[in-house]
Each structure stands twice: as structure tokens, then as C-alpha cells.
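First the structure, which I've put down as C-alpha cells, then a few questions once you've had a look.
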């Protein structure tokens, strides 16, 4: 069960936190990178709304300052995703997940629609609550095995409690996976295409990564 | 038998207590309907997770609690601002940043004095940094024209400084002294700008 | 490799054509000819093409490239016996393609399709459960290892039938006209692909062909094992016909119900795999 | 139908937090049932308190400017680990001789094992953590500023 | 996009794919690199070919709003 995502291709050492790329994480990393580049270079869509009772329509234009801010948040979100994809440390992973959560809130927080803001607030609450199982899981892994490095944990020297794994998954689910998706779906109605896409991309990527982590540990 | 005293070590007892606390917090969250109270309750539950981290019991726990705490505080801050906006609680927004309020306010003087004194007590380069920043903060608050952007930029710069010195640490360990000082100044700037941001945001009551 | 790629595109489109034909015959309609989807693809590629005024242009075009690219990669992962996890990652990321298609144009219909695609993010969870179930038995996720395991111990279909069912449901949720295909239901015009016309749509058709081929191929390789190529193609058609029967005979669920059903299936699967893990 | 009832609850985002909190509560109960866990004695960065030291409980460095020993996961990745710990500013040294428990945070002076771990060995955490703070402040500041200008 | 650019794009993509195949056959190019080239080249080829084929360039218009 050691090489669930393929053999690591190369390592990047940041002290005890070793970043490593397997074919699996590399695939995810590249996708995150592609969409981050899209966000960087693309102008946002202008969402069209129909004015009822006639043939008229209007498009929602995003102001320049809002555009800049949301682009910044989306790029931060993309970078956080990339970090979460390749990090080889359980606690570092949970930190990246929390960063993704807060960036997601940021991407839509600037939207002036009350409905979207409500959804963002509720989502933010869940993301904040999700840090509790996340950090608890990481701490329990550290305490019961004496290490946080995924490379060491993958050697299966010590059994990790099932509860720690379950807590980790629950924490990640709080970042927008089913069945806690409703707020995220509503956030998605906000105009500004390449930015809101980062919201769903990040949660999908993180879910994929946590699946690997769980199978790896 | 699992109730064997040998297996029920201190760690497990601690976990039992922490998760009981978390359970109570989550149970409260399940029935709470008010948005503001939800936020406060979550902050409470966060404490339980800090307890679980603390149970690691080594210096690693210290190193993990700090980020854990910061995440909680950061998200709390962002969410409370969103809450204010979404509920429309923004009364007299212009007056709060008004320079007159800052002029008559003794807060900058006090904070600066504390900073300077503390910096002198600490001595060394870092202490100097603190004291110097205390003075800078005093000057800034005196001539504060309500340009919020400056604070944001300062906050960004300090963040960059902090991260840059981390990379120096990582890749050029022989320059560790420089990195250490850089990060010390970075974190000070960071703390100070963010304190003043919060101060400016919530300001003084009318 | 190039030949296999082109074959996969056209055979996948042919499979989709057969899918439409079977559904039509079940519903007592004559239906389109089986090569209709191939014609569609060619037809769309000749049509006038532009990028809508309101669209986010780079995303609008880029997402078509990403769509074809990821499924090309998926085909190669299967053919080279790579990790099942990578394959399923690509499968899950297809969701992003749907979002990208739906959101980039500024069209309200596309937007609704995209939002529904976000809602149905639960449909992929059974995948990981079946991956976990497979891993319990084969101790490897490399497709080549799984095929080797089945050559020794017989098809996994009989060892872990419920995992196969889970993956079948996932296949079903990606088939057009199925009970879970809420993203392209008719009240949304064409759902997420409403505004991708002309060449962009042709690109999407290429992606669909590849996707169908890859998914069916994976199902066969993972649960039945390595077969000669002609037999694989026949089994593909057989599985497709069963899928068509399900699609033709079941109504489309309402969006949130569809998600709830998928979530429940995921929950049952998690319990099943936990049981398997305890027993093994 | 039960399915429709479930979907109705789940589709309203006001219910998401209660549902998530309930899941967390259930998970806490499950964790309690799984207790006790075995605490691994073989931990990284172990803390041992030197009773007689003037730097108690922060004494990791021994004499100033001498590299201390730190049990890290990959010692080869951080060769300079333990060096920073050994440094105290003159005044901090003086303070430490007068009293325990004073002046050993990052802000107070460069020293103490906490910053050692934070920088040398768990540095990426340190980058992520202020980034979270930075992003959160950016959100708050942006929303606030926009409301101001309206 | 002008027609000749689209044609050039399609040809370059097709050419790099075929070159990769040839190099792979003489065992100069490892399998994974060959696949990588195809993953990038194939979508570009499809789009390039389609853009070359299409009858004329249309004026950008607003999306479909309803019947």
C-alpha cells in the first residue's frame, strides 16, 4: 500500500516538511496550475440576467477593484491548492486546507448580493468548524505515531487510530463536499466565472488528495 | 480489559476530556439558530481542538498550537466582518476613521509608550525593533489621514518579509542571523499593522 | 498510441450513438442512426464559431482544451496500466470541465447547469469507496496489478459485487438521459453546454466519446479482467445496453433528490467497505 | 418520501452548519468510544525540563552560541537546527538569571525552541500560517473599505 | 483567428504528435514523454483543425436567453 499514487518522482525538502510529487499528485498539481493561470490571464464573464416582462436583458459588470480583489483571492486559493496537493506532512496539509477554506470565502465575500453573502457566511462557519476535526486529527496522528510525515506514516510502522482518519475526512468534507455542499452551490451563483470556479476546483482537488492520504496512511 | 489502568494513560484521559468538551460545543451548535451565536460557539469549540493539539505534549505541540490559534482568529475576523456587512451594521462609517477621533484618543500614546518600554526591556536588536516600531506607530497614528490602503500595504510587506526570511532560513542556513532578524521585524510589523487595522475597523464608539 | 486515441474517440461516439438508438427503440421510436454522434461531431466542427460577447474568453476556450486533454491522459493511464487513483482523479475533475463550460459564457442556462454540477458533487464518492474495496483485495491500485490479480483469482466482479455496483452507478450518473443527469435536463436548454456551439461543441463531443470509452474500458479491466480486444469491445456494448435500459426506464430525479440518493449510496458503500476491511 | 425530506433539509444552506455540527458531535462520540489510544513515546522534538537550570523550562540551548541537539524527523534537511536556540540577547540572559518563565517568545528575543522548530524544521507551516492571517485580513479590510467608500 | 494560423496550429500539433511517435518507435523518447506530447498536442490539433475548417468567422453575440 506504499505507492498508492505511484512512485514519488522527486522531493523538495523544507526541513521536516518534505514536499513530494507522485504521478497522482503531479496530475492534480498541474490541473490546479492550469486553472490558476486561467484566473490570472482571463477577464471575468459578464453574467446575463433577463429583465422579466420583455425582451430586455442586462449584464452584470464587475468593478475593477472587485475584480482585482477576487483575482487575488482566486490566485491565493490556487496556490493553496497546489500546496495541499504536494505537501508531505499531515499538519501542513490541514493548514493548506484551512487556507483554501478562507480563500473560498474571500472569493465570493466581495460580491454584493445579499444571498451570496449569506451563503458565504454559512460556508465560512462550516469551514471554521471543520478546522476542529482537521487539527484534532493531525494532532492525534502526531501523538499516536510520533511523526507527521506522510512518507514515514506510509511505512505502516505504527497503526493510526481509525478515529483520526475519520476526523480528517470529516474536516475536509466541511470544506464543501457532499452532503455539505448547499452553501457552496449557492456561492457559485455569484457572477465572475474564472474566480468562482476556483471554489469548486479547490474542494474537488482537496477531496482527491485526502482520499490518497487516507489510503496512504 | 480496556479499563485497565495501564492502557488508560494520561493522553487518553486528556483526549476524553477534550472530546467531551468538543461534543458539548457541537451539540450546542446543532441547535443554535442565530448567526452571531453560531460564530461565538465555533470559537469556543476551537478551544477544544487546541487542547487536543496541546496533548501532543512535546515542543511540536507548541509549534502546532500557534498556527491552529492563528487560523481560528483569522477566520473569526473575516467572518465577523462579513457578518457586519451582511446584516448591514455599518453606522456612521465615516466618522469612525476620522482623524479627530484619533487625535484626542490617548490610545496611540499609550500603545507606543508600552512598545518603547517593552522594547528597551528586551534589549538587543529585536527590542530596538519593537521600540522603533512603537515610535513609528505613534507618528503614523498622529498623521493618520484615514488612508486605509497604507496599512494594507504595510501588512503585505511584513508578510513578504516574514516569508522571505523563512526561505533564507531554509536555503541559506549560514545567514540565519539575518533571517532571524528579518522575521522578528516581519512579525512585529505584522502584528502592529494588524492591530491598527483592527483598531481602525472597529475604532472607538461614537 | 495515436491510432488507439483516434479509435477511442470514434468508438466512444459510436457507443453514445448506440445508447441513443437503444433508448429510442425501448421507447418505441425509430431513433437516430447509430453513427449519429460521429456525424454530430463532424457537423459541429464545420459550423460558424465565435466566442460570446459576455464570455470570459480564455476560460471559454481553455476549458475545451482541458476537457480533451484530461481524457486523453486518462486513456493513456488505462492503456499503460497506471494507477487507478489517477484515473478516478481525472474522472472527478471532469466536474470542473462541466463547471468551466457552464460558467464561462455568462449565459443563465449554462450557469444553472454549472450550479447543478456543483450540487451533484456527491456522485463521485462511491468511486473512492470502490477503489478502497479493490485495494483491500489486490493491495495495489495499478491497473496492471489488478489485471494480474484477476488472472490468478478470477474477476473482482464476483469477489466484491457491491463495489462493482457502486462503479456502475457512477457510470450511470455520467450517461446522458439517465436518472442522475440533472446537469443537462431539458428545462436548462442544454445545461452546461448551452453556449458552447460550433467548434467548441465538437471538442466537447470528442471529449464525450473518449470519456465513454475510457470509463467502460476501466470498468471491464478492473472488474472483469484482461480480455482480448474484440471481446472487450463486445462486453462494452453489452454493458452500454444495460445502461441504456436503466436510462430509458427511469425518470430523471429532481436535482437535490438525485444528490441525496447518490449520498445514500455512498454511505452504504462506506459501511460495506468498512465491513470488508474488518473481515479481511 | 424520506429522500425528499432529507434533500429539503440539505438544500437549505442555513441547515448546513447544524448538520455538520451534528456530524462532528457524532464523530466526537465515536472518538470517545475508540479510546484509549496508545501514546507513542518516541516523539519528535521531545521536551525535557532541566530542573536546576536558570532557563527552566526553556533550557534547550545550554551555553550561548553552542549548537543544541534537537530530535527532528529529517536532521539532514536542517543542519543548522539547534543553533538559533542557543542564542540569547544579553538582556534576556540577564533576565533568565533573575527569573524563570520570562522573555522567551519569538517576539521577545530570537531564541527558544519554539522558533527553532517553527523556522528550521517546520518552516512551511510558518509560511502557510501568516498567509491564512494575511488572507483573512485582506478580506476583512477589503469589505470594510468598500463599505466605507459607499 | 486567421485561417492560416489555425492551420499552422493544427499542423504543428499533428507534426509534434507524429514526431513523438517516430521517436518513440526508435526508442529515443520514453513512453511517458510520448504520452505527454499527445495529451498536449491532441486538443490543440482538434481545435486548430476545427478553426481551419469553419466556414467563416462570426460576429460575437450575446448568449441565448430563451425561446
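Lettered A, B, C, D and E in written order, each chain numbered from 1.
Throughout what follows, contacts are C-beta pairs under 8 Å (C-beta built on N, C-alpha and C of every residue); 3 or more make two chains touch, one makes a residue touch a chain.
From a predicted model like this one, the values you see are computed outputs, not experimental measurements.
J.: What chains, if any, are shared contacts of chain C and chain D?
T.: A
J.: Out of curiosity, which chains are bumping into both chain A and chain B?
T.: Touching chain A as well as chain B, we find D.
J.: Please indicate the chain closest to the centre of the assembly, with centres calculated from CA atoms only.
T.: Smallest offset from the overall C-alpha mean is found for A.
J.: What pair of chains is linked by the largest number of C-beta pairs in contact?
T.: Max contact pairs: B-D.
J.: Which chain's C-alpha centroid is most distant from that of chain B?
T.: If we average the C-alpha coordinates per chain, E ends up farthest from chain B.
J.: For chain B versus chain D, what separation do you get between their C-alpha means, in angstrom?
T.: That gives a centre separation of 13 Å.
J.: Based only on mean CA positions, could you tell me how far chain A sits from chain D in angstrom?
T.: 21
J.: Roughly how far is chain A from chain E, centre to centre by C-alpha average, rounded to an integer in Å?
T.: The separation of the two C-alpha centroids amounts to 31 Å.
J.: Chain B to chain C: how many Å between their CA centres?
T.: That gives a centre separation of 46 Å.
J.: Can you list the residues of chain B that touch 2 or more other chains?
T.: 11, 15, 19, 22, 26, 29, 38, 56-57, 60, 64, 67, 71, 74-75, 78, 82, 85, 170
J.: Of all residues in chain A, which are in touch with two or more distinct other chains?
T.: 14-15, 48, 50, 59, 91, 95, 98, 102, 105-106, 109, 118, 125, 129, 132-133, 140, 142-143, 148, 179, 181-182
J.: Which residues does chain C have that touch at least 2 chains other than itself?
T.: 53-55, 66, 73, 105-108, 259-260
J.: Contact residues on chain D for chain C in the complex?
T.: For chain D paired with chain C, touching residues are 3-4, 6-8, 10-11.
J.: Of all residues in chain B, which touch chain A in the complex?
T.: The contact residues of chain B facing chain A are 11, 15, 18-19, 22, 26, 29, 35, 38-39, 42, 45-46, 48-50, 52-53, 55-57, 60-61, 64, 67-68, 71-72, 74-76, 78-79, 82-83, 85-86, 170.
J.: Name, in rising order, each residue of chain C that touches chain D in their complex.
T.: 254, 256-257, 259-261, 264
J.: Could you list, by residue number, the parts of chain C that touch chain E in their complex?
T.: 1-2, 5, 45-55, 61, 64-69, 72-73, 76, 80, 105-110, 189, 194-195, 198-199, 202-203, 206
J.: Quick check: in the complex, which residue numbers of chain A touch chain D?
T.: 13-19, 65-66, 69, 72-73, 76, 80, 83, 87, 89, 91-92, 95-96, 98-99, 102-103, 105-106, 109-110, 118-119, 122-123, 125-126, 129-130, 132-133, 140, 142-149, 152, 158, 161-163, 166-167, 170, 173-174, 179-183, 186
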